[in-house]
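A, B and C are the chain letters, set down in written order, and residue numbers restart from 1 in every chain.
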Amino acid sequence: MSAPSQNAGFLKQATITAVFIAVLWGVDQLLQIGLNPYYVRVVVNCGIAAILALSLNLINGCAGQFSLGHAGFMAVGAYVSATLTTVYPAGEFFQSPLGVGVAITIGGIVAALAGYLVGLPSLRLKGDYLAIVTLGFSEMIRVCFLNIPAVGGARGMNGIPVHSSFFWVYLWAALAWVFFWRLLRSGRGRAILALRDDETAAEAMGVEVSHFKVVSFSLSSAFAGIAGGLFAHYQGFIDPQSFDFSRSVLVVIMVVLGGMGSLSGAVLGAVVVTVLPESLRVFESYRLIIFPLVLILMMLLRPKGILGHREIWEFFPRRAK
Amino acid sequence: MQAFIQNLINGLALGGVYALVALGYTMVYGILQFINFAHSEIFMLGAFAGLFVAVALQDVGSTPVVVTAVVFASMAACMAVGALVERLAYRPLRSAPRLNVLITAVGVSLLLQNAAQILWGATPRVFPTILETQPLWQGTELVLTNVQLIVIVVSAVLVFGLSILVNRTKLGMAMRAVSFDFDVSSLMGIPTDRIIVFTFMIGCSLAGCASILYGISYPKIEPMMGVVIGMKAFVAAVFGGIGSLTGAAVGGLVLGLSESFTIYYVSSTFRDAIAFAILILVLLLRPSGLFGVVRKEKV
Amino acid sequence: MTPPVLEVQDLSISFGGLKAVAGFGLTLRPGALEGLIGPNGAGKTTVFNLLSGVYTADSGRFVLDGADLRGFSAYRISHAGIARTFQNIRVFSHLTVLENVLVGFHQSIRYGYWDAFLLTGRFRNDEAAMEQQALALLERVGLASRAGDNARDLPYGDQRRLEIARALATHPKVLLLDEPAAGLNTVEKEQLMGLIAKIRDEFKVAILVIEHDMKLVMGICERITVLDHGEVIATGTPKEIQSNPKVIEAYLGVS
């Protein structure tokens, strides 16, 4: 309960933030000169995946709902922000790094609205049925983009200004981490966790279950949308295929692999799922087989995920409370 | 009017295939309560098995022999893979949380897909013509081909056969018992593990047969072909109320029909969206599908 | 005489044609400690489910401090001041004992999402205050030493007491306890009943308790309502109930 950040005053928080941003910027500069661009790409992809996993963790790990449609929200964020910066650039501003940041934020907000709409069925549906409906929504979102010529249809969108970098991705990832961390350690977060454990009891304790289900969907989607925006402005290119069912499944795998409900687990899962196929490249095409095998073995041997419900540092009991 | 009937026929033929695959999803769900994501890959493997046998038998002239051989080879291959997957991947997880089984299923699905891609390459292959397409009946804007008729008739026969198997035989009774209450049926002396393998094998053999029906109608075979069909079939199963055989059959037909009408009256790019739109509407009105049973939680 | 805090009239519900509860009535005065008994399947828990909003009654009304709550959803009934525990224990198993109680304080939370995100003074003060109150409640039920443990690691009896502490955190006017002593041994039962009586005095809350152990119910309850086949067959003091022929018949099945 008493994470050090909770005792921090605003000044301390501001200092930490400033130092963090400075360090991040410094690392960014170093990466640009020092590291093979291929590795930089993997590292950045890890960051984007981490945002996705952290956000899905709220729905699937914390609120006890089951969403199979995270790629759909990512698509909304990606397309909305890319449309702002590329198709209908509202002036020079949206071409600048700051403007791209604003566009990505707007993408996140629109994705949150979409998440609100998709969250509504969660009030009536449970388990697999909810999973299918979220999958359905995300497929419908994808098909919609497929059918809008202005955003390139099946060919996708080209020439998106490449302004998201290591710096921006990890800044957002850190923001996502702090956001979900603090949310879960507040009364609102406790309500969300309570409804995962026992909906009936949570409602009996005065928790408006329907409100919190929809809220978790919206907040989660917001960050999925931001991840989508970062993705679009890092690749410089998006098409509907980038946001298909398999992407959603991949994010679910990250969350389950890392340990449901654990933030560090989500990040770990994101890193493993992103890096593993890359590190298996030496095995050529066999990596495509090794990756699902690892997944299956993992479920057989460590069914609660790498970390289970716990956070990574809880495995190192160094200071007594 | 003729266009309408044409779409009805196309829809029924497509829906028959969906229904057969959907039955596999629904049977496994009914008995183990999880979505067997690997089922779509079983379908794909069935198509490949059929393809290889068809190629091997190219010189045998007789159509009935070839068709029979192809269908049975495909069904046998699917049954074997289904039983293997159940034994190796799902059985050890019998008491694990359902989410784990679900993820394992996704893993198996990816594994089979990728293995097929390595073995046979990603380029689509043409399914050999084991059955010459001939118009049986022709109007001005309307054709009913022998292939369509066969697809419709075979799916109908299989669906009815399955319903007899499940409702009238001892094996079917055991299957229903296991799906009703796993623990109690095992206490009653039903060999639950064996029943589950049977269920998998029956479901998979239907997928194998469906893959051949699909292959002779749309002769393009590739490792990723299961994904879209599988997704729609399982939408059909959920739509009908997952766990219900009638539901899966009806769901498959509704999906096939709505798709064929969407292609004609709206646009072919929306064909995949329409399935989900209908599904979402139905689930919002009836949260457990058309024929699903609502299970209330005891407080 | 003080006006009743809870007045239940003619509450009925049926499931698929089967009348589970019919014409249930009850009056609770502030600070009352009453029992609800009846043979298995008499509909006792269904009454609790109706009063706590898990089910909505087909007809009748239940008025808490002048407001009819029938048709309200469970969380609004909780806000209005009826709290409950569950027969089949429903603690939040992955949360700590302290967090379980903190969930009970949910409706007392005044800060918003932004306060939580920016760790404003308001957030920290509120959280600290709630934590203190929650610890006090745990102290009251004798679980303070286990505040940091996972709720599912508690033994059975402790989980029942945790449920009581959690229910008290919602600041109830009426507390419904569904078989709080089930599965406890005799000593534990005695202690629990003592605790319930004390809670009634300290928290000024009216308590309605379902319990199977006749001796215990008769020992602490001022009045008892007997339910059989969904209908109230007797109401009165423990003495009156003990000698009521209808009650004896319902329990012994004399035909």
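Simple rule for what comes next: contacts are C-beta pairs under 8 Å (C-beta built on N, C-alpha and C of every residue); 3 or more make two chains touch, one makes a residue touch a chain.
Since we're looking at a predicted model, the values are computed, not measured.
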Comparing each chain's Cα average against the average over all protein Cα atoms, the nearest is chain A
Of all the other chains, whose mean CA position lies farthest from subunit A?
C
Where the CA atoms of subunit A average out and where those of subunit C average out, how many Å apart are those spots?
41
Nearest whole angstrom, what separates the Cα centre of subunit B from the Cα centre of subunit C?
50
Hey, how far is the Cα centre of subunit A from the one of subunit B, in Å?
33
Residues of subunit C that touch two or more other chains: which are they?
54, 86
Mark out which residues of subunit B touch at least two other chains, giving numbers and ranges.
299
Contacts with two or more other chains, residues of subunit A listed in rising order:
200
Across the complex, what residues on subunit B touch subunit A?
29, 34-35, 89, 92-93, 96-101, 103-104, 106-111, 114-115, 117-118, 227, 231, 234-235, 238, 242, 267, 269-270, 272-273, 275-277, 279-280, 283-284, 287-289, 297, 299
Within the complex, which stretch of subunit A touches subunit C?
1, 5-6, 8, 13, 178-179, 182-183, 185-191, 193-194, 196-198, 200-209, 261, 309, 321
Sites on subunit C touched by subunit A in the complex
52-54, 73-75, 78-79, 83-84, 86, 90-95, 98-99, 102-107, 109, 111, 113, 115-117, 119, 123-124, 126-127, 130-131, 148, 166-167, 169-170
Can you tell me which positions in subunit A touch subunit B when the two form their complex?
66, 121, 124-129, 131-133, 135-137, 139-140, 143-144, 146-147, 200, 245, 249, 252-253, 256, 260, 285-286, 288-289, 291-293, 295-296, 299-300, 303
